[in-house]
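For clarity, chains are labelled A, B, C and D in written order, and residue numbers in each chain start from 1.
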Amino acid sequence: MSDNSFGRLFRFTTWGESHGPAIGCVVDGVPPRMPLAEADIQGFMDKRKPGQSRFTTQRREPDIVRILSGVFEGMTTGTPIALMVENMDQRSKDYSDIADRFRPGHADYTYQAKYGIRDYRGGGRSSARETAMRVAAGAVARKILDHVLGAPVTIRGALVRIGPHEIDRSRWDWGIVGDNPFWCPDAEAAKAWEGYLDGVRKAGSSAGAVIEIHASGVPAGLGEPVYGKLDADLATAMMSINAVKGVEIGSGFAAAAMPGEEAHDAMRMKDGKVAFETNHAGGILGGISSGQDIVLRFAVKPTSSIPIPRPGVTAGGEEVEIRTTGRHDPCVGIRAVPVGEAMMAIVLADHLLRHRAQVGL
Amino acid sequence: MSDNSFGRLFRFTTWGESHGPAIGCVVDGVPPRMPLAEADIQGFMDKRKPGQSRFTTQRREPDIVRILSGVFEGMTTGTPIALMVENMDQRSKDYSDIADRFRPGHADYTYQAKYGIRDYRGGGRSSARETAMRVAAGAVARKILDHVLGAPVTIRGALVRIGPHEIDRSRWDWGIVGDNPFWCPDAEAAKAWEGYLDGVRKAGSSAGAVIEIHASGVPAGLGEPVYGKLDADLATAMMSINAVKGVEIGSGFAAAAMPGEEAHDAMRMKDGKVAFETNHAGGILGGISSGQDIVLRFAVKPTSSIPIPRPGVTAGGEEVEIRTTGRHDPCVGIRAVPVGEAMMAIVLADHLLRHRAQVGL
Amino acid sequence: MSDNSFGRLFRFTTWGESHGPAIGCVVDGVPPRMPLAEADIQGFMDKRKPGQSRFTTQRREPDIVRILSGVFEGMTTGTPIALMVENMDQRSKDYSDIADRFRPGHADYTYQAKYGIRDYRGGGRSSARETAMRVAAGAVARKILDHVLGAPVTIRGALVRIGPHEIDRSRWDWGIVGDNPFWCPDAEAAKAWEGYLDGVRKAGSSAGAVIEIHASGVPAGLGEPVYGKLDADLATAMMSINAVKGVEIGSGFAAAAMPGEEAHDAMRMKDGKVAFETNHAGGILGGISSGQDIVLRFAVKPTSSIPIPRPGVTAGGEEVEIRTTGRHDPCVGIRAVPVGEAMMAIVLADHLLRHRAQVGL
Amino acid sequence: MSDNSFGRLFRFTTWGESHGPAIGCVVDGVPPRMPLAEADIQGFMDKRKPGQSRFTTQRREPDIVRILSGVFEGMTTGTPIALMVENMDQRSKDYSDIADRFRPGHADYTYQAKYGIRDYRGGGRSSARETAMRVAAGAVARKILDHVLGAPVTIRGALVRIGPHEIDRSRWDWGIVGDNPFWCPDAEAAKAWEGYLDGVRKAGSSAGAVIEIHASGVPAGLGEPVYGKLDADLATAMMSINAVKGVEIGSGFAAAAMPGEEAHDAMRMKDGKVAFETNHAGGILGGISSGQDIVLRFAVKPTSSIPIPRPGVTAGGEEVEIRTTGRHDPCVGIRAVPVGEAMMAIVLADHLLRHRAQVGL
């Protein structure tokens, strides 16, 4: 089988290749009578689109999204919403030299091993260009959360590490995240990262990153035992993003080093409601949201396409040194921030509908 | 909806509570004409069952598995295989005092918030007792891998960290993993851990752990773009295990700190085949297996049930100190090793059938 | 893949063979805090169980159902409900002579062609014994309908044809359906059928039947465009019952012969609500319920196992005459009535939860 | 939830409304390295497209299909295939008068009851225009059958009844099916039907139809017990087509009237293979194909949109007489023939991949 769909009740299917005529998705399961316009989606597309600073790829894609179905007179109808973005700046000749080469760190070799064929232009289906449609679907998911809950859910992401350089969490300021080219919540770190990443870029290298996503306003009770746990679904959502190699919830790997009496968030009462003193759990207990903020992090490996020559092989079995000089992000992790936010919104919207199905609201 | 099933083509559904009459699962999609007996499963059950050392719970469960359907004259028939284990050592009175209390770190509060009701005896459905059936299903999955591939796939797990104490990887020896109570591949670490965990236990605390799972013999080509990526499915598989807070593939979070020219495994030719010089990718590129060993790690938080008093609340909104003095594992991570192995086998068997469906073998 | 599960949000999975130790099912997605006891299910099991008249098989199965999970102190908890029935009256030696024979009209040949192996005892997995678990799951589904809607949904079935003999619809009386061995709503027909079916039985032949199922109290709005239409899901539900060869909704095949101005139910207002003057649509328009009664019929072929010798073949390719003299229903359609009711309840409960998920109630 | 996808392993998702900018589908799970061009699909689109005779709607849609992804240099790549058809001849003003009216026999009322909103232009999502994308997906499915089996599967449909007028089966000639405007296999009936349908049209009425679909060359062994039976999946496939009210396999409802010794197809040996003497089973036993031709029929109700005034109601609760004078098929059953063929191909392709997954080929 092949699996280009995500979600159970809020469910979207993406299609398209990096250098095909267009990319798109079909979003199914959207509640009816919800206001939706292309402008609701475009703002999120713009956050992810390439070419916004010298730290992201210079490919010029306006990424203008069109709604082709499922919306009538400005309102969702409950039928599938088709979204499409035309590819404008495919330079397929840039890639012709890799038709018979397997680049290290890329999916070239594994796609060929699996299918015996691949669209090698710009990585074809394995390109991170696919994530544009996740962002589009995520914009719809955000609308669902607010519409069904009748109260806002706030989903925000930030880069907390680039290469080996972490932020200082004591300086965390959501207010400045949009003011630097890294979605960095620590102004000093952001300044330092500019120099660091310029150096990486000039050296022909690339850098990885760690992204943190928060969701506030999520009610307690979302998540399904035992194979549709909220954290398990978030893990697959994030790990399915290109170049992601790790996911952790709350204190994550660090929680494994804590003694039991510290790792478990103490529960107290506040204003007649259960309140937790810490949030090592990342807002999820037993796979179900607790009402605290949902907090997760994921690790993005450095961009695979770099000018420094790297040992690769050809389809014919020859050893070659491969340099990649096309338009690439020196740190793909930066543009993964809006994608991670989108996947968070998608998982939450799906689970909100799943919860409403079984239990009601 | 509720979601107690896992897998697409190799698919199992589990049922049962910690203190109900029995637990069980239904395994669907198993290829026919494959030899299968209860003894093939029991060995794996025995690896996970409680009470095997002073470092795991003293609950006495023989965990004898019965095959109730789907096998005829020693061979699978292609119809669903029902497996059942009777619960023998439920001491429900141990738990009556928590009927109206929400223990910190447990799913008590979130189950109640979701469903408005819960079987509180031993954690009910949220108990790690459910993982016994994952191990049973995993035993069937291992048979499928070998049967369909006609060559062995070796799946092995080990504890690489307990609390803050990591192994020394230079001493890694798979041969000794079964010789110590921790599934530890480093003999010296295992010795040191005994003292450490005795101290934890006597202090009334608990410890977390990091487990590493390897799969060798997996052919290149398993995994589905873009939402059924092999690593994304492994992430959800591991994150769905009780108390898991993080998952990483290959070099994982560490990969995000490497420069691009190191993070991507160099490709060379060896004996006419593609060979990788390192395995930072953990055997997966673009969501598809590369033929290298699949390698992942997951982090287990410390056991939530501890004798040290911890701040909790009651269903009535009273603040209370909760001590748990029943039978519990001081480090639930230990028994998560065979569970992680089982989930690896399950994901691989599912993807092998998925690949056969679309591409053939 | 294999597919022993039915439903999306209300979802059950069955397992077991005719002559194995037991049969069972796991019912997932049940709303929590709903009263449920074995007695709620047993009454429906009793309607279907064998040996209740001379017109059904003489196999003695008390079909006592046990709840093994998912219910705590008399209430559903939202976790999976495992149900099991032990097989008591397997006479496996009755079937040993068919181990290497393919009986005409049975699944012997096709199971062997598919799997290369089959449990031939009593038809193994292809036996109508599996339908006992549909009835059990259907009993849970009925509870969900009433519980979630807060108003009763009445689901009733009747035999409207046996062999070539139809009822007279002008004599339809639901009140007498339980008073004759056929679930026949026409007292005169029921009397005539006794003689007819005695003749069939004595001749060593068998008879088919047409069953009609009605559901009253179903709100308008259930059903999903365009591949989860309510009628499409009912069609697969009924066609999946053993020996069913046709399904029709409302006027069904007869609707195709009507002129357009008759076939479409006129709409009028009554007490401020939309009212239909006829029900050729069977309560479904565009795949969505209209608030009218849901009405469908399905055709059951004559029992395949008959004493009259019939031409079959052996596994070795020999032509043989096959007489079946074991315990069999002369008309399997009779016991299909409670099964059809159960499948109706299951589809409606699933769609009620699906509707609540997307639209709310 | 909403459900605009069909199939498990060969799976397609459709989107679009009758009067939106376009309609389309995404086809997932297609085997790689299979030649595929738009021309392979267009021929089937042309069979279904409107305006080909005076007996179908006069809406002018060229229905030119475009492949937007999943095909590279003329070959499938294993990634999702997006297909799109632009709507060219929407005359939305034709429909403005029905914005607040519920037409009898249409989905107007039920969509409104479900969603509280609907795109009323041309029936919106409930329009049979959606079936164009089934035909497109069906063309891909046919290629898969031949490609994977390495031998042709022939799928053909015919109209066997129009209104009350059946064909004479003794005159069945597949060769003439394409030579008359009805896909009728009986030349004399086709001639008679012209006069009949002209009369219906002139009277402002409409006619129903019964369609029969045959598939030859299907190997024994396709179909999954017990909820993915081949006949159960065919039933839902056909019943999901607009205006279908009944489905039967093989002798269908007539089988229920036969004595047991006639209803079950005698098995003999021929050229060393199992051969059946009749095909009352329609090529399916126990839900699994037997190697005989798969034969089914489905009933299509008369077109709902007719000039004869019919009693309907308004959204405001007023009783009105509704005449429909737009462009409509006097018998929608005619254009259902290529749709039924497509759905047959889709179900078979899906089951072929499902069988390969579990059992291999």
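Quick notes on this one:
Just so it is clear, a contact is a pair of C-beta atoms (placed from the backbone, for glycine too) under 8 Å apart; a residue touches a chain by one contact, two chains touch by 3 or more.
The model shown is predicted, which means the values in this text are computed figures rather than measured ones.
Seen from the Cα centre of subunit C, the chain whose own Cα centre is farthest off is A.
The chain pair with the larger count of C-beta pairs in contact, out of A-D and A-C, is A-D. A straight line joining the Cα centres of subunit C and subunit D is 26 Å long. Inter-chain spacing, taken between the CA centroids of subunit A and subunit C, is 46 Å.
Rounded to a whole number, the gap between the C-alpha centres of subunit A and subunit D is 39 angstrom. Residue positions of subunit B touching 2 or more other chains: 1-5, 8-9, 14, 29-30, 32, 78-79, 114-116, 125, 225, 353-354, 357-359. Partner subunit C is touched in their complex by these residues of subunit D: 1-6, 8-9, 14, 102, 104-107, 109-111, 113-116, 125-126, 130, 161, 163-164, 200, 205-210, 220-229, 231-240, 242, 244-253, 255-261, 263-269, 272, 274, 277, 280-282, 284-291, 299-304, 306, 308, 310-313, 317-319, 333, 354-355, 357-359.
By the touch criterion given at the top, residues 1-5, 8-9, 11, 13-17, 20-24, 26, 28-30, 32-33, 68-70, 72, 75-82, 114-119, 124-125, 353, 357 of subunit A touch subunit D in their complex.
If you check the complex, the residues on subunit A that touch subunit C are 9, 29-32, 78-79, 148, 225, 353-354, 356-361.
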